[in-house]
Structures are given as C-alpha cells and as structure tokens.
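Down below are the structures I want you to see.
The same chain A turns up in both complexes below, where it pairs with chain B and then with chain C.
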Partner chain A sequence: MMTDTGRQEYARLTEKRALFITALIVILIALAGVAVTLGSADLSVADSYLAIFAGLFPDAVDLPDRMVESNAVGIIWGWRLHRVLFAVVAGFGLAIAGSVMQGVLRNPLASPFTLGIASAASCGASIAIILGAGVLSGSLLVIGNAFLFAMLAAAAIYGMARLRGMGSETMILAGIALMYLFSAVTSLLQYLGTAAKVQEVVFWMFGSLDKSSWPKLGIVTVVVAAVVPLLLWRAWDLNALAEGDETAASLGVPVERSMAGFMLAASLVTAVIICFTGTIGFIGLVAPHITRMVIGTDHRTLIPASGLVGAVLLLGADCLARTLIPGAIIPVGIMTAFLGIPFFLYLFMRRRDA
Partner chain B sequence: MTRRLLLLACSLCLMAGMAAAVPCDGDGDGTLTAPELATAILDSLDARFMGGTVEAPPSADLQDAAFVHTHWDGRALTITDTSGRTTTLTRPLRRIALFNSDTLDMLRSLGLEPDRVVGVSKYVLEDPVFYPEYQGTANLGSTWSPDYEKAAGIRPDAVILYASISESSCADIEKTLSAIDPEIHFFRFDSYRPAVYADEARTLGLLLGKKEEAERFLTFYENATGTVAEVVDAVPVKDRVPVYLESWNDYKSAGKGSGYDEKIQLAGGRNIFGENPVEYPVVDPEAVISRNPDVIIKIVGAGETAFGGYSDDDRSSFEQVLRAIGDRPVWNQIKAVRDGRVHIIHTDVIGGPDYFIGTAYLAKWFYPDLFGDLDPRAIHQQYLEEFQRLDYDLDEHGTFVYPA
Partner chain C sequence: MPLLCARGVSFAYRDRRVLEDVSFTLDAGEVLGLVGPNGSGKTTLIRCLDRILEPEGDIRLDGRSMRSMSRPEIARMIAYVPQNSGAAGSSTVFETVLMGRRPHLRWSVSEEDKQKVSEALSLLGISEFASRRTDRLSGGERQRVLVARAIAQDARVLLLDEPTSALDMRNRIEVMSLLARLAEERGLAVVAAIHDLNLAARYCHRLLILKDGRVLGRGTPSSLLTRGMVRAAYGIEAVVKDEMGVPYVVPLRPSDNDNLVEIV
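Entry: the complex of A and B
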C-alpha cells in the first residue's frame, strides 16, 4: 500500500516535471520568435523573418528595395540573431552553473556572485580597461583578463578549501572573502581612473549582451554543450552530495573529487559566459530556486530545467531591455534583476504561505 | 606559416584596393584626369538629353568623380587617423556617423554641411542649444551603450570614434558594426587633445574636401594659441605661477600627463600636483594648503556641478561654488583665496575642442599684467559665430567663467 502511494506520487511528480520542461521549451521558442522581431531598426515582424530567410537562401528570396537600403539582412544576421541565441545559451549556462554550485555546497546562497567569481571577473576587466594591462592584447584584452581572473578565483577557493578541508562553509566563506578583496581592487582602480574609463568599467559591470557575436556564441555554446552532458551523467552524485558528505561517501561517491569536479565545471561555464557579457546578476541564484520550488530537488531534472528557466529569464530580460526605452538598451544585467527578483520573491512568499 | 598568411593578407588587400577604383577613371590608371572627367560628364549629358547611346556613368559616380577630381587631385586618398590606421578612399564620404561629439564640433569648424552627418551620439541630441541643426539626426546612443541597429540602419559610409578614450568600447563598436556592414570605414579622432588638434583638423579637412576651410580655421586657432604661447615661453620656469586645479568633484585634481595638467602648462602655470603619478588624483586638502597656490581653478559643468554652459544664463551657482571654496576650513589662508584669485570655468570651454578658449582665460588669470590685451571672450564669440556657425550672443547668454 505504502509503495503504491509512493509510486503514484513519483509518477505524478515525473509528469509534473515533464510538463514543466515542455512548457519551458515552448515558452523559450515563442520568446525567441518574438525576440528576433524586436529592435530599434525599422523592421516589421514580416520583414524580420524575410531577412532571416534572405540570409539563409540569398537566391530564393526577393528582398524589397527598402530592406536592401536599410541593410535588414545585415542587421538581423550580424546583430539580432546571435544576440538572441547568446541570451538563450548564456542564461542556460549561468543557471546550470548556479544549480550545480548550490547542490554541491548545499547552500541556497551559493552562486557565481557569492563565490567571488563574478567580482573577480569584474576586477580583471577593470585592470584591462583602466590600466590597459592584461594577458592578451587588442580586443581580447578585457575578455582574457575577465576569464583569467574568474578562473583564478575559482582555483583560489578550491585551494583554500583543500587546505582547510573541503567543507561547504569553508568554500562559501572563502568565496565571500575573495569577493570583498576583488571588489576592493576594482574600487581602488575606479578611484584612480579617469571619468571615461570608470564609465567603461561601470558599463562592463552592468552586464550586457551588446558584445555578442557569432564566434563568441560559438565558444560559449561549445563549452556549455560539453559540460551539460557531463553534469547530467553525474547528476546522481549531486543528489547524493546534497544529502551530506557522509551519506554521499557511504553511497560510494568520491566526495572531495566530485565536489572539485563539479565546482570546476560550474566555474568554467560561468567564467566563459561572463567574460563576454560582464556580470549578469541573479540568473545563477534565482533560476535554480524557481525551478526547485516547482519540481523539487532531483538534480537529474533540476539541472536541465533550471537551465531552461535561466534561458527564458535572460532572453525575456533582454527583450524588455531592448524595448522598454525606444532607441536605448538598458543593460540586461539590470533587467534580469528587475524581472527575476520579484518573481522569485512571489514564489518564495507563496510557498511559505502554503 | 606566418609569412604565408601575411602574404595572403597582403594580396587580399591589394585585390581590395584594385576592386575599389576611382569612379570614371576611364583608362584605369588610378588617376582621374580632367579629360576623363569631361568625357564622363559629356557622355552622361549626351545619354540624358541628346539620346546618345554611349554607356554613361550613373550620376552618383559622376558626383563622386567630380569631388575626387576637385579635392583629391583625381587620385585615391590615403589618410592616417590618430590611432595610426591608414585608410584609402576612392569616393568622398557622404554619410558620416559620429559617436565622437568633439569631432562633430571640429567638423563644424571646417564648415561641413550638416546633411552629410547621418547619425550622432545621444549627448548631441541632449544639447539643442549648442547643436540646433542636428536635433533631427539619428540617435546612435553612446560609446558605452551604442544602438547598433540604428547605427547600421542609417547606412553610414564612415563611423568616427574616439582614438584615446574608451578604447575597448570603441573597439567593440567597430567589430560589431563591421560584422553587420563590412563596407563601413572607421576613423579614430579625438579633437580635444592639444597635441593632435591641428593635425586632426588638417586630416579631416582633406578627407572631407574642406582643405581651405581647415586652413582658415587653423589660422584662427593658431593665432589664439600662439599669442598665449609666445608670452608664456618668455616666462622663466622658476617664475611660473603655482596653480591648484580642481575638477567638478571636490579635491579631485589633475596629475602628471593629464589633459588639465597639459592645459595649465600651455597657459604658463605650474600645476602644484603636476608630479603626481595618478592622472586624476583625489588630493588631501592639507596638501593644497601647504603648497599654497597663487591661483585656484575650479572646473564645473558635470557631476554635482552640472550647471552653466550654453543653456544656463544664471551665475548664482558659480557664485556659490566660489564661496564654498573660500569657506573650506583654513583655506582662507591660501594665497589664492586671500588675493581673490579663485576662478571658476565651465568644462565646455576647457575640456573639449574649444579648449583654446579656456587656456586663453587661464593665461589671463595667471598673468593679468602680461595679457592685458588678450580677450578670451572675443575669441569665444568669434569661434561661435564664424566657425561653429551659431547665432549665439555671449553678452546675453551662457555662463562660462566666474568672476567674469
């Protein structure tokens, strides 16, 4: 009898999860369909889709003169399409990284931000922008520094946790300490920099999809596509880890090695995204929570579902960011917070009431 | 391997160079001669009005050819911008988009027709008093937050960006826009730095077919800067007036190599923080008191002091700033405060392309006896009327310096 109820409950949950994921995919596709028609160029919905087809099949489509004159194909293919896809992939990656970090550290506050990875990236970018110093040169200067510093922060947290023992509190404390350290360096640089350079740093830290391009989308997609199957494959370990180190160890999960592996994967995905976009806030924190509230904590579904929630959130925020003030783009990092936090709080309050 | 790549790149460049030829250059030797242009014009007239059957060049080609012949001696023009990049053009620039509003001022000084500018930064559109003729122009946003769709949609043939500030943002803009439209030419100019000011005006004059206008403007400009330099050069270094300069944030001064430091030197002053390695250091008030400057310069017009300038006729805010400096603890013992040599100046006449008006003011404040005849206000008025082509009377409008 007991097992029957349990099975029924589980079946119901599985159905709910499938429904949730399907709904997210439908919303995401619809949103992407809308997103490619939004923008300050004077293109109607039909124009936008015509331009997409004209780019795919230049010979088959006969473009009207006014669209040739306004460079509709260039605008759609050189700017809008990769931006929309970038929002999807970046939102997906950041949310997955967040849900892995929260799972490994068993702490709802864990995210690339609380672990200092984002502020390390900002610090690296500031050094590049204000001092002009970095590991790479030219247009890769800022990106290279941001990536390197983000990975350095991850390595430092890992190193400290290794020395002091791999407790989740240790990692979070180390991360928060690092966050303050990197923020202090960034503030010092801002204090010394010229107004124009400080402005540039501030805009970098807002987080924006303005810098997206096809090659960057390619890099981010490759990394996310490589890491996600790995994470899904090891999702059971995450479930075991979430029950506590001892439980995981008694189930045969190599605790320290898994933790390190998961943290490395999550840091890599985060670093590779935010080095291109700047710090996009809250996706990594909020998306996993929202997902968990709806479908529970099984990482086998939590990881892909929170990825989808992240993609919907970031793409939705970017659509709003591009249309709210005509002709101006509000940095998407600001929009994600405006969009994500109230929704998160709503779910949070509702759950408490029930 | 690298060499082979280089070779490939070179040959691609060569091919690109060949592909873009001077229009109506009949024999294809790279020089459009007067007879070639005449033939093209006659062919076109013949085809249009006499029923001629010769294949005539389109009128856009004809116009471009006439420009190249008149302004570039019939040859392709290769110019080097302030970032050191060279660009070769076979046709004039007719659709210019500027993220750099300082260069817009310079183009105005060169008499560029406003209809050749198709896009401007949001700062231009936010200032209808100074830029009345550009109020209907497309808004490109700012260097930090550009509107790429708008910028690409107006189909510019050239986009002008800053050379020395916001380098990484400008590089991003270039990359993104050229991905959308590979035919756009990019140029980097500053138009606010004394060291490159005259060279930039000459280059832009050549580029836009405004060579004579550029020379006329530079005569005016060099007259203004030269008058100051001549007198100042004769002042021995040890006798130079010690100056404390403060930008709109309290105690934010100017260190070694900064733009303000350069301008103090141009006006013959000695910056009391000129040895500070930080470009724009926030200084200790005690350090100012102990270095006891003869003159204090306070710059307003941005940040907390966003008043004054062309669209503000009220001087009371300047008065308050002046009083507040005197009221700082113990500052009444600084020589400049005691002698009433604290001057407020608006960033519009010192921070940008009109900096030479500001240095004239500074010079007059540093050495009132040596510059009795110098009239910075008259220079300013002439600049506005004759070169910025603005109907603006400084006697009636604007607040730029205090005490006047």
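Entry: the complex of A and C
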C-alpha cells in the first residue's frame, strides 16, 4: 500500500501546533517572571519573588527588615503584579479578537482598529474628558464612555453583519468609514478643548497599562475567560467561514448568525480591554499573522496560539517600555506600534512578492 | 421515491426573475447535467437546491421538505462545489478537504475523518500535494481539491457548479467519469452544471436545459440534443453527430436570425 503522506504531514502539523503552544506558554511564564522583577523601585530578583510569596502566604514568609522598610510587598502587589497579568490578559484578548475578525472577514488587514472600534473608544473617552459628559461618573466616566462607544461601533458592525448579503469587503469599508467618522469627532473635540484636556485625551489615546488595577484585571479576565471557550467551541465554523460564505453555508454553518456572533464576541473583548488601556494597536493585527505563518489556519489552535503570541508581545513591549528610558515609562501603545509598523510593511512586501 | 425532487422552483434577485417554475426529479445513482447559455439560471438553481438561496416552490430531499431541515442536517445530505472556488485560504490541501468533514465531526478529528480525506484525495489523484497550501495551486488543481472536499463530505447529493471549467482534457473526463462512477457505486444523486455539451452528453444520464430561467427541455442526452434544441437554446446552427450512441454537437455558426459574429 502506498504511504499516506497527507496524513503523515497532517500528524506532523498537529504536533508542530502543540509544540508551538507549549513553547509559547513556557516563554510567557519566563517573560512574566522577568517582568515582575523590572521597575523603578530598587528590588532585586530574589526580593521580588520573596515579596510575591509574602503576599500569598503572609504567615509563612519571614521578610527581612530592608524589605519591610521599602514596602516591597506593597510595590509588587500594588503596582507590578497586576500590571504584568493585565498585559498578559489584554494581549491575549486583543490577539484573539484580531484573529477572529480576520477569519470572519477573510481579510488579513481586519482588526479591532481597522474596523473603527478603537477610534470609537477614543471618541467616547474624548467626550468624557473634554465635555465631561458620559453615562457613568467619577473615575468611571472615561472608562464608561470608551466602553459604550466601542460597543456602539461593534453594534453597527453587528447590524451590518446581520444584513443579508453584506460581503466582507463592504463590512471592512464600512468599518474604515466608522473609523474616520469617530476620528473626525475626536479631532473636532480636540480643536475645541483646552490644552490640558487635549493633553489628557492624547495621553489616553497612546494606550498604556499604567492604570491597571486588580479590579480591572478581574473584569477583563472574566470577559476573556468567558469568550475564549465559546470561540474554541465554534472554531470549525470559523474555519468554514474562512473558505467563503457559500462554502460555509453548504458545510452547515448558519452564516449570518455566526458571523454576527463572532464579530460581537471579538468586539466585546476589544472594548472591555481598550476602555481601560486606551488604544493599544497592532497586537490584534500582528499576533494572528505571526501565528498563522507558523502553524497555519486551523482556528482550534490558531485562537489560543495567537492569544499567547499577543500576550508575549504585549508583555514584552511593556517590559521594553518600562526599561528603555530609565526613570520614564513609554506608553505601551507606542511600543507596540514601533513593533507593528515594520511588520506591517513587511507584510505588504511579501504580498507583492507573491 | 426520488432522492431529490424540485417542484415549481422560482427565484428572483429583488425584482429580477432568475428562475421560473423549474421542476425535476433525480433518483439515487443518477447524474443530471444542467446545461444552457450564460445567465440562464444554472448557478442560481444549484444555490436554491442547497438552500443557500431561499426559493419559492417545493424542494424535497429523500421525501422531506428542505424547509423543515436545519443547515447542519442539509450539510450532511448535500455537498456543494461552488463555481468560483473559495478555498483561496492559506490552509493545506489536506485541511481544506478535511473541512468537508465539518458536518460530521464534533471538535476533534477522528481516524475515520482522516481516512475519508485520504480516500477523497486519492480518488481525485491529488494525494501527492496534500500538504501544499491551497492558495499556491493552479486553477485546475484547486478545482479538484473542491471536488475532493465535496466527496469527503459523504453526502448523498452532490451539487457541482461547473466542476470541470478549469480542468484540462484528461482531468475533465477523469472527474466526470469519477462522478458517474460514484453515483452508481454509492447511490449518489449528482447535479452538475456543465457548459461543454459533449462532456455532458457523455457522462450525464439526463440533461435539463435552462434558458432565461425556464426549463427548455429535459430528457436523455440522445433524445434532447438535436439541431433544433441547440438552435433554441444557444441561437447557433450545429451538426449533431452520433458517436457510438452518444450525441456529439459540432457548432457551425450563429443562426440567421441572430446577429452574432460568425464562428469559424
């Protein structure tokens, strides 16, 4: 009997995928381990870990006096740990949102940003900062507005997806139109606002993890943890949709309904992340691409793997952002753009070659 | 009872009527060729049969009205090969064909699924590029991948929209004879839209000629393919020869009442 190379290759591909995911988990853990030791406070690596354990088991760890004096436990638990975990969860969430949108729309340039969700969030935040108007008050004013506007953009995209016969190109064009619309409103507000407020808006739009906290981490984690199993469960639908609407329908996928559901899930994840962080670009665009190049397009592995790539990228970018200029923290959104833009260009070059 | 039965199928894109009162039946083991000029409604009919479009009229699958069936249920019964192939994704040929198993598999891929994929690949003679990326294939190779995917779907009805348009002479007859053989061996009902009348005549048990969305004629190739029918359907004069019991159409020139440029 002839050897079945197709099945052998498929088995090899499956192995490669498992290996890639395992490697990413190891890298992520190692990187997180390094990230908690980085910061402006003068804590050694050993002290950082001692402080983590001291926070977990206050009775079991006997802290040396210098660490009690320097409030090491407070620094690690109050500043660093949730920031590191937030980078992991946010990177994961933005990347899976990107891979879902690229899959559904069959377009490598689709992402929460090209579809206008991020600029809608910026617009909402600007309204809160400059006009002081919003649905929630106090410290939640900006967050509430950013979330609401992001979901508004998502609802518009959802509505378009439910329209029968709405092709993916049309949806992308509509998303880009939304992006310009919200950007125009934001620019108008900046034009009208005072210098201090405008500065605040600009800083919000940079995107940073400075404002992370345990409650925010909790909210984002709950949403991401709820959405990921759903996406994995419907991963075959994504695979089928990537082959085209007609093919997906003939393979038993309720096309309009699942497209809309996927877009809604991806938008929700994006909205809940960027309302806390501001615009963190390129993770959602770049992470799925890198992953697809390495392990191919089966969404059963593409989703978790690109999530992990996103987590590694965002955490890595944040580490760089915190250490590149001593004493200053560059907003992580700027760092991800620095990583993202050369990659974007590389993609264009490759496409021209092909 | 016929496996596939369409009665009074009509469809309009907004206010443009594309199909008007199309009826036919198809038994297990039969290959039905859909022929007719461009824009006669062949693709629309195939889409209606897979309920990608919702037509008026009644379509029954194994006696059951398709309206009462869910999408996954239909997908287990009907496989569809679209004309302008999707399958331009970057997945491998093996994975593209594996997609045909989607209506059957839960989440993980079983040995049986992989077996069916391997079998479909070897039936189409494309085993050797199973691990190549689908978007790096030639048009003809990709077309065979799509047929393989439909076969891996293990459905009782195969709908194919011009499955041979990008194939060379040899692959055309190989794919068509494969379809005829599968229909016979596995009791499938096959509907294929085909432009090449002679290919259709040779491999289809029956033909349905569409023109302007209506049925112009139906029957066996030898009863249907006459000079008059070719003139009525395509507006050209032709000689219809007999090649060992199979009609063979040689087009000559446009009919006199038509202003087409003369075919040499």
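Quick note on the criterion: the second predicted complex is superposed on the first by the 330 of 354 C-alpha atoms of A that agree within 3 Å, B and C clash if a C-alpha of one lies under 4 Å from a C-alpha of the other, contacts with A are read in each partner's own complex, and residues count from 1 in each chain.
By definition in this document, contacts are C-beta pairs under 8 Å (C-beta built on N, C-alpha and C of every residue); 3 or more make two chains touch, one makes a residue touch a chain.
Owing to the predicted nature of the structure, the values given are computational and were not obtained by experimental measurement.
Applying the stated contact rule after C-alpha superposition, one finds that A:D65 touches neither chain B nor chain C. By the document's definition of touching, of the two partners only chain B reaches A:R80; chain C does not. By the touch criterion stated above, A:D210 is placed in contact with chain B alone, chain C being left untouched.
In the superposed model, A:Y191 makes contact with chain B only, not with chain C. Legend: residue contacts after superposition of the two complexes on their common chain; A:L141 is shown touching chain B, with no touch to chain C.
Set against each other, chain B and chain C differ in how many residues of chain A they touch, and the higher count belongs to B. Of the two partner chains, chain B is the only one that A:S40 touches; chain C does not reach it. Shared contact residues of chain A with chain B and chain C: none.
Residues 2, 4-7, 9-10, 13, 106, 233, 235-236, 239-240, 242-244, 246-247, 249-254, 292, 296-298, 300 of chain A are the ones touching chain C in the complex.
The residues of chain A lying in touch with chain B in their complex are 39-42, 69-71, 74-75, 78-80, 128-129, 132, 138-139, 141-142, 191-197, 199-200, 203, 208, 210-211, 213-214, 327-329, 331. Every residue of chain B that touches chain A in the complex is listed here, in rising order: 122, 139, 141, 144-150, 152-153, 155, 165-169, 171-172, 175-176, 179-181, 258, 278-282, 302. Taken in their complex, chain C has these residues touching chain A: 47, 50, 52, 71-76, 78-80, 82, 86-87, 89-96, 98-100, 102-103, 105, 107, 114, 117-118, 121-122, 127-128, 130-131, 153.
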